[in-house]
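Order of writing sets the chain letters: A, B, C, D and E. Residues in each chain are counted from 1.
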Amino acid sequence: MQLLAFMTAFATPLFLAALLIWPQARALVWRVMPFAPLPALVLAMLANLPLEAQAEWLILGLHFGLDEVSRLFIVFTALLWCAAGTAARHWMRDDARAASFGVLFAMAQAGNLGLLLAQDALSFYAFFALMSFASYGLVLHMRDAKAQSAARLYIGFVVLGELALFAGLALAASQAGSFLLADLRAAAPSGMAVALLIIGFGVKLGIMPLHFWLPPAHGAAPVPASAVLSGAMIKAGLFGMLTVLPLGSVAYADHGTVLMAAGMVTIFAALLLGVQQDNPKVVLGFSSVSQMGIVALGLGAGLMVPAAWAVILPVLVFLAAHHALAKGALFLGTGAYAAQTGSLSRIAVTLALLIPALVLAGLPASSGGFGKEALKTALAAGSPVWLPWLTVALSLSGIATTLLMARYIALIWRNPPKAPAKMAAEAVLLPFISLAAAALALPVIWPVLAQDMAAPISTAEPGALWPVGSAVLLAAGAATFAHAQHIGPSVFLAQLLAPFNALGARVDSVIAAKRRAARRVGHAVPKLLGETARRWRLGQTAIAGLIALILILEFGAGLLAETPAASPTAPPPAQIFTPDF
Amino acid sequence: MTPDLIYGLTGMAVFGIGLVGALCAQDRLRRVLALKLCSVGAAFVLVVGAWREPPGAPDPVPHALVITGIVVMVSATAVALALIRRLQTLEAEDDA
Amino acid sequence: MTDPLVIFDLLLALGIVALAIASLSVRDRFAMIVLFIVFGLFSALAWVRLSAPDVALAEAAIGTGVTGALLLKTLHHLRFVESRTAITEAACAPVPLGVLLANAAFCGLITLGLAVAFLGAPSAGPGFDALVAEAMPASGVDHPVTGVLLNFRAYDTLMEVVVLLAAVIAVWQIERGLSDAPAPAMGEVWQGFARLVLPAIVVIGTYLLWVGAEAPGGAFQGGAVLAAVGLLLLLTRAYVPRPEHRGIARGAFVLGTGTFALVALMVAGGGRVAFEYPLDHAKTLILLIEGMVTISIAVTLAALFHGREPVALPKGGRDDT
Amino acid sequence: MMDAPLLPLFILLTSLLASPILFALPERAAGLRTSINLSMAALKVALVGWLSLKVAQGVIYDLRFEMLPGLEFKLQADPLAILFIALSAVLWLITTVYSVGYLEHGPHRARFFGFFSLCVAATVGIAMSGNLFTFLLFYELLTLATYPLVIHRGDAAALRAGRIYLIYTLAGGLVLLLGTLGLWVLAGTTDFTPGGVLADVAAETPLAAQLLFIVLIGALGVKAALFPFHAWLPIAMVAPAPVSALLHAVAVVKAGAFGIMRVVYEVFGIETAQELGLTAPLAVLAGITIIYGSLKAITQDDIKKRLAYSTVSQVSYITLGVALASPIAAVGALAHLIHQGLMKITMFMAAGNLAEGLGAKRVSQMDSVGRIMPGTMLAFTLAALAMIGLPPLAGFVSKWYLAQGGLDAGQDWVIALLLGSSLLNAIYFLPMLHRAWFRDAASDKAGAPGRPRIGWMLAAPPVTTAVLVLVAGGLANAPFSPLEWTRFIVAIEYQE
Amino acid sequence: MTLDLDMMMMAIFLPLFGAIAAFILPRAAALVGLVTLALTTGAVIALGLEVRQSGAVVLPLGGWGAPLGIDLRADGLSVAMLALTSAVGFLVSIAALDALKGADQARERQYFWPLWLLLLTGINGVYLSTDIFNLYVMIEVIALAAVGLTVLSATRAAVQAGLEYMYASILGALLFLMGVGFIYLQIGRLDFTGLMGAEPTAALIAAVALMFVGLALKTALFPLHLWLPAAHANATAPASALLSGLVVKAALYIVLRLAQYMPFPSETLLTLVGLMGAGAVIWGGIQALRAERLKLLVAWSTVAQIGLIFVAFARAGEVGLTESWKAAALLILAHGIAKAAMFLAAGRIKDEIGHDVIRDLDRAPVRPTLAQFTFALAAISLIGLPPSLGFIGKWSLMEGALVAGYWHWVAVTMLGTLLSVAYFSRVLSAFLRFDRIRTPVAEHQGWALADAAPLTLALTAIGLGLMAAPILRFIEIGYPFGAAL
């Protein structure tokens, strides 16, 4: 029964792939494609843990299992495939090579889900290989020069990675004398094996210097494929390390150091490389690389200090889920953006894209923020020597990611990606919005979903604003600068000052008008007064008036002086003219 | 009710009337005349001030002052009238 | 209290005020001047009543007589010019009644205030009586007013003559080159009258001057009366000013001032200051001054009446003298 | 050496007496006029040199003359005065040479040089004023003497500029009169005394003292072109180039800045001013002016207008340095008084040469002028780089001290301000240099501009001042350099 | 007979004899005039030396002595005013030589001198008089001579203005005479000494009201100024200079004197005076801004400046009056000199250019540079820019007001200064504008004798600022009145 459940989980996509060969079924298959990961999802959600099943009959005897970690991986992987499937259905509607895409898509899906369930080295490797090689077709799908070169690079690294992985697994298996992954872990594989495994999985993970394939591939693949490549498949590398390496039990200080250093380099090198790109999807790819650098930090720390692994692991899983959802949303969002034609809807989508982008960048109280803070806390348990650097690196990674995201946003405006011509504009929106919402809601969902493993997350700080904030400012400055460079500095400054100058000119003209009016009045009123005074001979009146006034004032003052208490209520008239200074 | 009181108040009245005339009159000649009335009013004050109850002789100094004032006034009047004549002629020439 | 004189005073005062009002409010300008002359005579009467005969004489002769003559002459001139050019006087826009009323109201207030002040002032208060009485013996004259005029306050009197001089210079200056209205037509009767009256007036004037030292009268009154001679001569064309008379006229104008000032200066020295006549010569000097001043005043007043400086203009010029 | 107690008076008279002579000379007596001009200017430089030597030896010059009971016309020669006199004397000589060349065939030369002399006399008087009252006298004289220079061209624009100039400066002068009176009434003296004369007043009636401070600084701020009283300066640039040089570098704005120094240091005293809590707002105001002027400068296409706004910005460095109330910043401020003068006069003379030689009055006409007039443009470039604050030029020295002073006073924002200002300076000066040196002139210009005909009298002065810019920066620590002299002054003002 | 030449007598009699001589010898009038002026100036200088040496000097005319007789008295203020009169008069006389040299001006020339010398007699008489009735006679001398000068040009506008001036003069004098009457009624004597101890009774208050208004009318204090602008603007230049520079000062001087010796200035009245002065400053300034002709502008500026003098007078209230009169006196001196210079310069400009319409001044192909320069210098003093005497006067004004805490007078002064800058700069920019004339402009054509006098006056107005301290010390000689009597 359990076996059947496991089989359904990875066989459903395979079955759909097979059905696609038959043209009459294609329409139906495409319609069902979004639901292909459902069995796996259902299994992960409903199963009581731990769950195991064996199929000794199959090949060399295959073991499947589901534990706390793989369950969580399956959940977000399946979700991602669901969303990508939905998108792919519309994306590929009028594509000439839709069938081949569907086949490969389904096969990669099967591989991805399968490796998550595999418990022995052989099946794991098989599913891993299935996923990797099927993806080659996805990358190559467009068949243009860019796709071909990307695919060439991809396949080269895949081959390299598979070789290393195979060698590593083989070494470990021979050392353990068993194919079971649990045995491999328990046997504490040799340094060599661990190194090979790290390289094998590292290729998938895109840790520098093994990352070269990743950005071009992500850029070249169609949007649904990019989403799963970046969101789901590279997590397979992480999952592989978690399952195969004896983390938490044996210390591999050198490996850890190297991995950690590579991770640190990855974080920033990816930034430097990423901001130079012109294709938004490539930029997203570099962002993935950068993010995986963070993951590598955690892994490295785990390798160095096994004792810390217990706290690092849940965080890494969370980060994987976080990245999968956010990055998937971004890729699909790129498609959604490309599908829009009106500028208003593009602005709307851009605004929506800001959600996963900021989540990914680690906006406080988002999954990114929590994840980073949790990782910081977790790493505190690791090597004290590295700790300050790690903390700084993590904080700065927020800046790096934000800058990449800014670059991405800028690029989709400047080099809008292309979408299939006749696609319904809202088709890709639904999966995009769902994933974005999921990414946003992750901090809330996670405690429910992960239960015991959610502890580091739910107790983490919401994170700091300054990395994102400063990076936004930096990006704004850079954008302004770039804009200025683009149109020429003096033109730019003129543009910048134009509103102020316009305001100034406006104020000036208002003042000038007022001044003219005042001048008119200033000319007219004295003239009128002067004329009136002359015509009415007010000067004559003034003579008499003045004498009378002085007489009244002085007599009044004299009278008051004589009778000071005459009228205590009325103020003396003299004071009317002599204010009290 | 002594003469000085009566004529003193008369002087005030004449001065006031002259002042009204000097300020209100439009006609040039009348303005000159009004000013002359003012001067008579002022002279009244001095003459009244000089008056003493009959047995006593009046104070001669104010009398001298008034005589001076009268001569001064006639001079000023003559100049004013000359100006009026001249102005009238100039206006007539301009308008002609 | 029922002094009959008080009733006379009251009636006279009323008359004066009424004449003042009438002369300003009467529309006809000739009537205005006549009323003014009557007013002047009434005032002179009032001053006689206030035991100021000198002042009354001066007012009658100069303040009323000469001024009246000047006014009449000017009116004649104005009417002549108006008749020639058909422009009427008072061409300017009338002043609103409200302004006039305000003027009147202010003047009423002033009069009231001055009346209050007058009533509050000491009646028959302090004066120069005692000082004059004390100084009279040293003045060189017997009549106090003359003493004041020509000795105690001789400086004022000198300046008064200077005012006259300034006036005649100003009038000559103002009216230069101005054509004159033809002299009023004086009939034969008037000319005969003049011939008869003139010597009498001269005698009266000289007498007034002479008695000035002891009794009311003196240089100004005498001068005014003599000026009347000039007026009559001018009016009757018995005398027509000519350009060649200018030098004499100038001399006559400055004669009084010059003599007066010279004497005032010359007496200074030897411990005396200006205007301090030596006691022995005081009477002589004062008489000299009075005589010269009288001539000056007479000629000046007559010249003021005549107006223009007699100048020879080119033929066909505007000046008809 | 001879002792000459009347030395300050002689220095004043060299230009004050020259003025009526120059007025009286007929228009065509150009040679005589030039020789009088130059000999007087040279004589003044010599006398100033002598005077500064004496002052450095500690001789005190103090000339008094009672004008009103208790109120004296007072000339003194303290080191601060020497600083300003030296600037104006040297620059007068240079500007005179330049003016002679500039106005060679222009009209109204008698008038021009007469007022020019008077203007310098006023500046020298301002420098040597021993009290605020005397200062006021010369301050107004300066206004009056510069007005005919500003409207020298006599056309509608010049007259408009002149009117605005007159309104601003005379209103400022009037307020200064009020302030001087207030000081006289409050303190009973208007003497400039190191440490100030208002300590007691400030303790008793701080409000009155604060009001007085605002009135005085406001009044002086008009000439110092402190925001928001700066509007006259860019408008007044219609004046001929030597006049602009005079306005911007030697006399007018410097008189305002110098007055602010005197008021803050020697009327209030730096401590009193700080206690009144008014130096910080003044510093902020100066900061605003610095940024505002630079921003406005960027958008100007007219070369002289750009330079004028640059002056608005640069002169406020001096005010800033004074207001920071730190001796180090004061050194910067005082040094900038000299340095800004050297730099700005170079630029204005260069701009005048461009206008004279090539008819180039706008930045957009500056393409490749560097190749046509290398000397002039080299001077301009040097001055511009100094303005930006590149070491070892003069501008760097003053900016360095200002920044240090900001730190010393605990006003860290000054650093950001100076950096930002330098950036803005670069933004508006570098394009000019770029055009001048690296851009080819629009080829279709009718008739290639051959060798421009400017004589040595026009070419030499900017080069000379540019060299001075280099020297003042490069030899900043040498004895008798502006900076050294400045330190001497600050030691007195801060009574260290 | 040894002549004891008293300098006070000389100051009055020399012009009188001069006037007589000039009148009877018309052809030598100019020569007589100049010699007289020179001699009078000499007498004034001698008098000044005497006063400086021995304080105030008194001359009881006729040996009687006040109150019966009339005393002449010279103290610092009198001599300062006399000096102003002779100096300005002398220089204006020199300028008049040129201004009246035209062939068609023979009659103007002939009458100018006697009238002017009589005017001088009257003015000097005012400054030396200590008797209020004598003052009345003197202001009448001044009035008649001044009217004669006003209408010297005999244009219709001038005669009209002269007539208005005459009315104002007579009325002012009559008001003054009425005041004299009231004073006699109250205290029975007419000399200053008698006035000093008097109690302020109703009669004296009435006298003050009448005399003050009468004098204000004569000195054209706002709002009684209506006769002045036309009269001063339409007279010939030397006459304008005399009228504006000297004549109005006589009435001002009497106000100053009376304020010192009479129970005159209550706080209320002073405030009223200040308000009238402020009104004059503002209204005169505004009208000067509007004026279309140069001389009219200058005349309106006189109205404003007289207002300023009254503000100075009222600046510190009743308590400050013992000092305020000095500020007023400084301003009187400054204005007298500068305004004379300005009117002469304006006359020169009008003569050279042929008109004095401000708007078209810059269209003229000739520029009387020196006259323009003189005008500018005079403007500096009138505006009150340092170091002119006008500045010193303004300084004293504001200082006193500040000390007394009367900020409003400071504000009025500053407003007045701004207004004067505004209206004078109208003229100055017209001088310096060159873009509306195509033909070559002739300017700076060497020295003209005619410019010497105004230029000297203007330079004096500026330079005297440096002499303010001695001047102030000098005018205090013999103050207060009773001390030296």
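Here is the rule we use: contacts are C-beta pairs under 8 Å (C-beta built on N, C-alpha and C of every residue); 3 or more make two chains touch, one makes a residue touch a chain.
Quick caveat: nothing in here was measured; it's all calculated off a predicted structure.
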Check your understanding: Going by the stated contact rule, which chains contact chain A and chain C alike?
Key -> B, E
**Study point:** Chain whose Cα centroid lies at the greatest distance from that of chain D
**Key:** C
Point to revise | Most distant chain from chain B, judged by the mean position of its C-alpha atoms | key: A
Study note, to complete from the structure: Min distance from chain CA centroid to global CA centroid: chain D
Study note, to complete from the structure: Contact tally winner between B-C and A-B is B-C
Point to revise | Geometric centre distance via CA averages, chain D-chain A, whole Å | key: 56
Revision key, fill the gap. Cα centre of chain D to Cα centre of chain E, whole Å, reads 42
Review point. Which integer distance in Å separates the CA centroid of chain B from that of chain D?
Key: 68
Exercise for review: Could you give the separation in Å between the centres of chain C and chain D, each centre being the mean of its C-alpha atoms?
Suggested key: 72
Review point. Which residues does chain A have that touch at least 2 chains other than itself?
Key: 537-538, 540-541, 543-544, 547, 551, 555
Practice item. For chain C, jot down the residues that touch at least 2 other chains. Key: 92, 95, 103, 107, 110, 113-114, 116, 118, 125, 127-128, 132, 152-153, 156, 160, 163, 166-167, 170, 174
**Study point:** Interface hub residues of chain E, defined as touching at least two other chains
**Key:** 68, 133, 137, 140, 144, 147-148, 151, 154, 159, 162, 171, 178, 182, 184-185, 202, 205-206, 209-210
Point to revise | Residues of chain C that touch chain B when the two form their complex | key: 1, 5-6, 9-10, 13, 16-17, 20-21, 23-24, 29, 32-33, 36, 39-40, 43, 46-47, 49-52, 54-55, 58-59, 62-63, 66-67, 70-71, 73-75, 77-78, 81-82, 84-85, 87, 89-90, 92, 94-95, 100, 103-104, 107-108, 110-111, 114-115, 118-119, 123-125, 127-129, 132, 144-145, 147-149, 152-153, 156-157, 160, 163-164, 166-168, 170-171, 174-175, 178-179, 218, 220, 297, 301, 304-305, 307
Review point. What part of chain E is in contact with chain B in the complex they form?
Key: 68, 133, 136-137, 140, 143-144, 147-148, 151, 154-156, 159-160, 162-163, 166-167, 169-171, 173-174, 177-178, 180-182, 184-185
Check your understanding: Where on chain E does chain D make contact in their complex?
Key -> 373, 380, 385-387, 391-392, 394-396, 398-399, 402-403, 410, 414, 417-418, 421-422, 425, 429, 432-435, 443-444, 446, 465-466, 468-469, 472-473
Study note, to complete from the structure: So, in the complex, the side of chain B touching chain E is made of residues 15, 22, 28, 31, 35, 38-39, 41-42, 45-46, 48-49, 61-62, 65, 68-69, 72-73, 75-76, 79-80, 83-84, 86-87, 90-91, 94
Revision key, fill the gap. Chain A partner, complex, touching residues on chain C are 92-93, 95-96, 99, 102-103, 106-107, 109-110, 113-114, 116
